[in-house]
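Shared between the two complexes below is chain A, which pairs with chain B and chain C, respectively.
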Partner chain A sequence: MMETIFREVARCSFCGFCEHSCPTLKRSIRHYGPRGRVQTILFALKYDILTEKSIEAIYTCLVCNACSIHCPGKIRIASVVREFRKALRDGKIKKGDKILEEVM
Partner chain B sequence: MQKEASVREELFEKLKAVVGEENISRDEAVLRVYSYDVSPYKGQPEIVVRPSNASEISEIVKLANEYRIPVVPRGAGSGAAGGAVPVSGGIVVELTRMNRILEIDIKNLQVVVEPGVVHANLNRELAKYGFFFPVDPGSSEMATIGGLISNGGSGMRSVKYGVTRDYVMELEVVLPSGKIVTMGSKAPKSASGYDLVRLFVGAEGTLGIVTKARLKILPLPKSRALVLSAFDDLEKAGKAVVNTFSAGLVPSGIEILDRTAIEAVKKYNPEIDIPLVEALLLFEVDGTPRGVKEEVETIKEVCEKSGAVKIDVATSKERFDQLWSARAMVGAATTALNPDCVRVYEAEDVTVPISNVPRMLLKIREIGEKYGMNIVTFGHIGSGNLHPALVINVLDESEWDKLWKISEEIQTSAIELGGTTTGEHGVGIARAKYMEREHGEALEVMRTIKRALDPNNIMNPGKMAL
Partner chain C sequence: MFRPGKLIELLESNMARTGNPLGLKRSLLSEWLRGLPDLKGRDDTILFTGLMYQLTPYIELSTKYLQKIENSSLEKLFYFYVKLSKYVNPYRFLTLRGSDMERYSESLRRIFLILKKSGIDFTYREDLDGYSGILLYDLGDDSAFSSHAQEISDLLENADVKKIITVDPHTTYALKVLYPEYSGLKVEVASYLEILADVIDKGRMENLNEVVIHDSCYYARYLDIIEHPRKILENMGYRVVEPENSREMTSCCGGPIESISPVFSREIAESRIEELSSAGKKAVTMCPICMGNFERCGFSTHDISDLIFGGMNGSEPSQE
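Showing the complex of A and B:
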């Protein structure tokens, strides 16, 4: 599962097309948008960067899917967030893990 | 620029006192989210602040000067040059909280906005009055006015309406010293003094932070139409554009999609009905209904004479929107062409004299063939601006090597064809290495201005080869 998540987020081209549709971004805190969440997941998997704030960013997502339809890379943003949450809950992702090494 | 821990702590506390606890962060994960824009360049800040007014920004900049730490302004991070990427670390000043439209002055054809206003929001508001801010970037729903001004942006309608530079009347700027200065004039024209407004448009945050802008606006055209002309030869399409201008017409926009781009659009959304040919031109005309009708006829005539194989006029709103959205999506749609590949925004903004556009298109195709990459190309042919899309597997290092080589060849060709590496996206880090070639001695003048205004080099260092 982690590999699927990683491959999906690694496809982000940073274009930002997803951003304007996100209701949580309207609160004008950048990392709470879809691009920020996709990157946050990538940072967790690739560089083991996982903090209280990044977990908060993941959990404030409404998984409403308003963003995904705008993604030219067809990244399933809301699904990835959901799967990432599940991985967090199941203890599959913890700070200190070398997740990417296990994934690749 | 790593500061000692205690000094950094002191700076953090002082910044916190300026913007408030909820508007400052140094959380490792949050900082990462400010380490990128749309370009492939990365750099992590030490602190992110989100001020709400010019005097807070002034305090921040003064502290940065005192502590000799870089300050990097950031709008939406939709820039494609790495301009908002803190390559030397430091403080990112995010401006999206300053998102108010302060004044809509219809009788004087102007608006006053804070820098964090999103472009599309401004135009939605102005539409209520029957007016618009004519610069129209493809990133309208994301880009902030501050970012648009600082990158010297423009868009599809620049043929008739010009670029951001043409619409900025007055700017309030926090200089690197922390001083808040207003430059420009409220009058429709002014011949007084150095044109500092134009110096700050396109300065990419290297000379100060824009905190307020007075912009010119125009009444919305009553009517618009789109002519779609298909050509079996790139040169012919290029000629049609030149012939259009020679016929005395100035369409609001002229866009080109070459075969690669048409294929990308068709693959991304098969419902979009456009012919698969060597080149498609999209002409947009606007004005009074009668004027539009006349111009459409003239464009049809010109295109026929220039050898178009098919001409189609979009009058229904549905078709109009479908075609424009196809054009807006094409660049990003390239990512969807291959599930292993992603578009990397690099060499994506070359601009050449209009008559050289067909040669530039052929050159890009040639470079693509040489390296075995299918480069999708489209752009604002009416203003010579092309957006080649390079698509690679980002997890494969060897593909990156190829990408850098292709990028260099495309950008060098643009300069050789009498053009520039950037028509609207800015220099940032992405195109810094071409500054010397593009500007020669004039680069030294820019450096002199930079040193005079920012002696400690705190404002967005590492950008524009300054």
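Showing the complex of A and C:
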């Protein structure tokens, strides 16, 4: 499963076409948008970076899928966010254990 | 933001105790049946409410409380309460005004009556109706979701159900797309809007008001139910006004994160309310969660069933 998530987010070239459609980005800061969320997941999987803010970014996603239709790479953004939640829930994300304990 | 893990814990314990995410007594969720004529019809076709309309007023009530303590030191109270939830029924402490519940019950009754009046043959059986578990899925709790899905699927298949009519987008998505994958459900599922779009003829009434349409994310983007509500409303004589961001570009009401972050969810709703109210006087929703979250933020909408029902009976719902 982690492999599938990684392959999906690694295809992002951070063009930002997805961003204007995101209802949460309009009201907040950069990591609360689809590009930020994809980047958050990539950082967690590739560089073991997971912070309280990244967890917030993942769980404030509406999974409304407005972003995906604009993605030139057809990345399943909303679905990958949900799958990452599942990975967090199932304890598949080992790094940042302490943060997970405090925030989850 | 509330801690997601704690929220999942609460949902799981409520679901285990009562089968619904709020831990409500089943009798509270059956109130809408009062005053309905014969619920029996064709055995193999059933109306499945998924309990979403019934749960929404309670969700909004608890969201109002949660909003007051979010991001304050009182958040701890909520976590303490989560611990208690395995033993105590929360809704002993919360009371709902009858009129708040009535609004949602009325929409469900109207859906029932519209379908009957359109000649659709179906049965409603309380014992075959249940919550879909969609919130568990959204939060990534697949193991709890799939065991719940299995329970509901077994129930439906053992009763030899061949066709399910759903009434809200979240339940429709769960039963139509997720259940076949998670629990092997092989029953035909259709939203009542899909069914009505084929049977409601043109020209029932003229000169009904214009309505601004708010598409549900799940109907528009996950299930491709975009034309159906438009066709129904137009055939009934309503003039459908498209707001900024409509059809597959629709903008979310904020509802999906109302329990994780009531405060932030409210901000999202406010953005959308601005778009809807600048397009026209009254908006129409087709999802109880959208209607409830807008309502919590002071924006009242018509449920699409109220408009269809009004059109069928030659009267428009009041523009209150």
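The working rule: the second predicted complex is superposed on the first by the 94 of 104 C-alpha atoms of A that agree within 3 Å, B and C clash if a C-alpha of one lies under 4 Å from a C-alpha of the other, contacts with A are read in each partner's own complex, and residues count from 1 in each chain.
The definition used in the following text is that a contact is a pair of C-beta atoms (placed from the backbone, for glycine too) under 8 Å apart; a residue touches a chain by one contact, two chains touch by 3 or more.
Predicted model, so just to flag it, every value in this text is computed and none were measured.
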Overlay on chain A: chain C relative to chain B, clash or fit: fit
First, second, both or neither for A:P23, with chain B first and chain C second: second
A:R85 touches, of chain B and chain C: first, second, both or neither? second
Contacts of A:F14 with chain B and chain C, given as first, second, both or neither: first
Partner chain(s) touched by A:C64 [first = chain B, second = chain C, both, neither]: second
First, second, both or neither for A:S54, with chain B first and chain C second: first
Which of chain B and chain C A:T4 touches, first, second, both or neither: neither
Chain C versus chain B - closest C-alpha approach in the superposed model, Å: 11
Contact residues of chain A, present in both the chain B and the chain C interface: 28
Complex interface listing, chain A residues touching chain C: 21, 23-24, 26-28, 55-56, 59-66, 68-69, 82-90, 103-104
Footprint of chain B on chain A - complex, ascending: 10-17, 19-20, 28-31, 36, 39-40, 43-44, 47, 49-54, 57, 72-74
Chain B residues within the chain A interface of the complex: 25, 27-30, 32-34, 36-39, 50, 76-78, 94, 96-97, 99, 116, 118, 120, 139, 141-142, 268, 329, 332-336, 339, 342-345, 394-395
In the complex, chain C residues that touch chain A: 1, 3-6, 8, 137-143, 217, 221-222, 245, 248-252, 254, 256-257, 260-261, 264, 267-268, 271-272
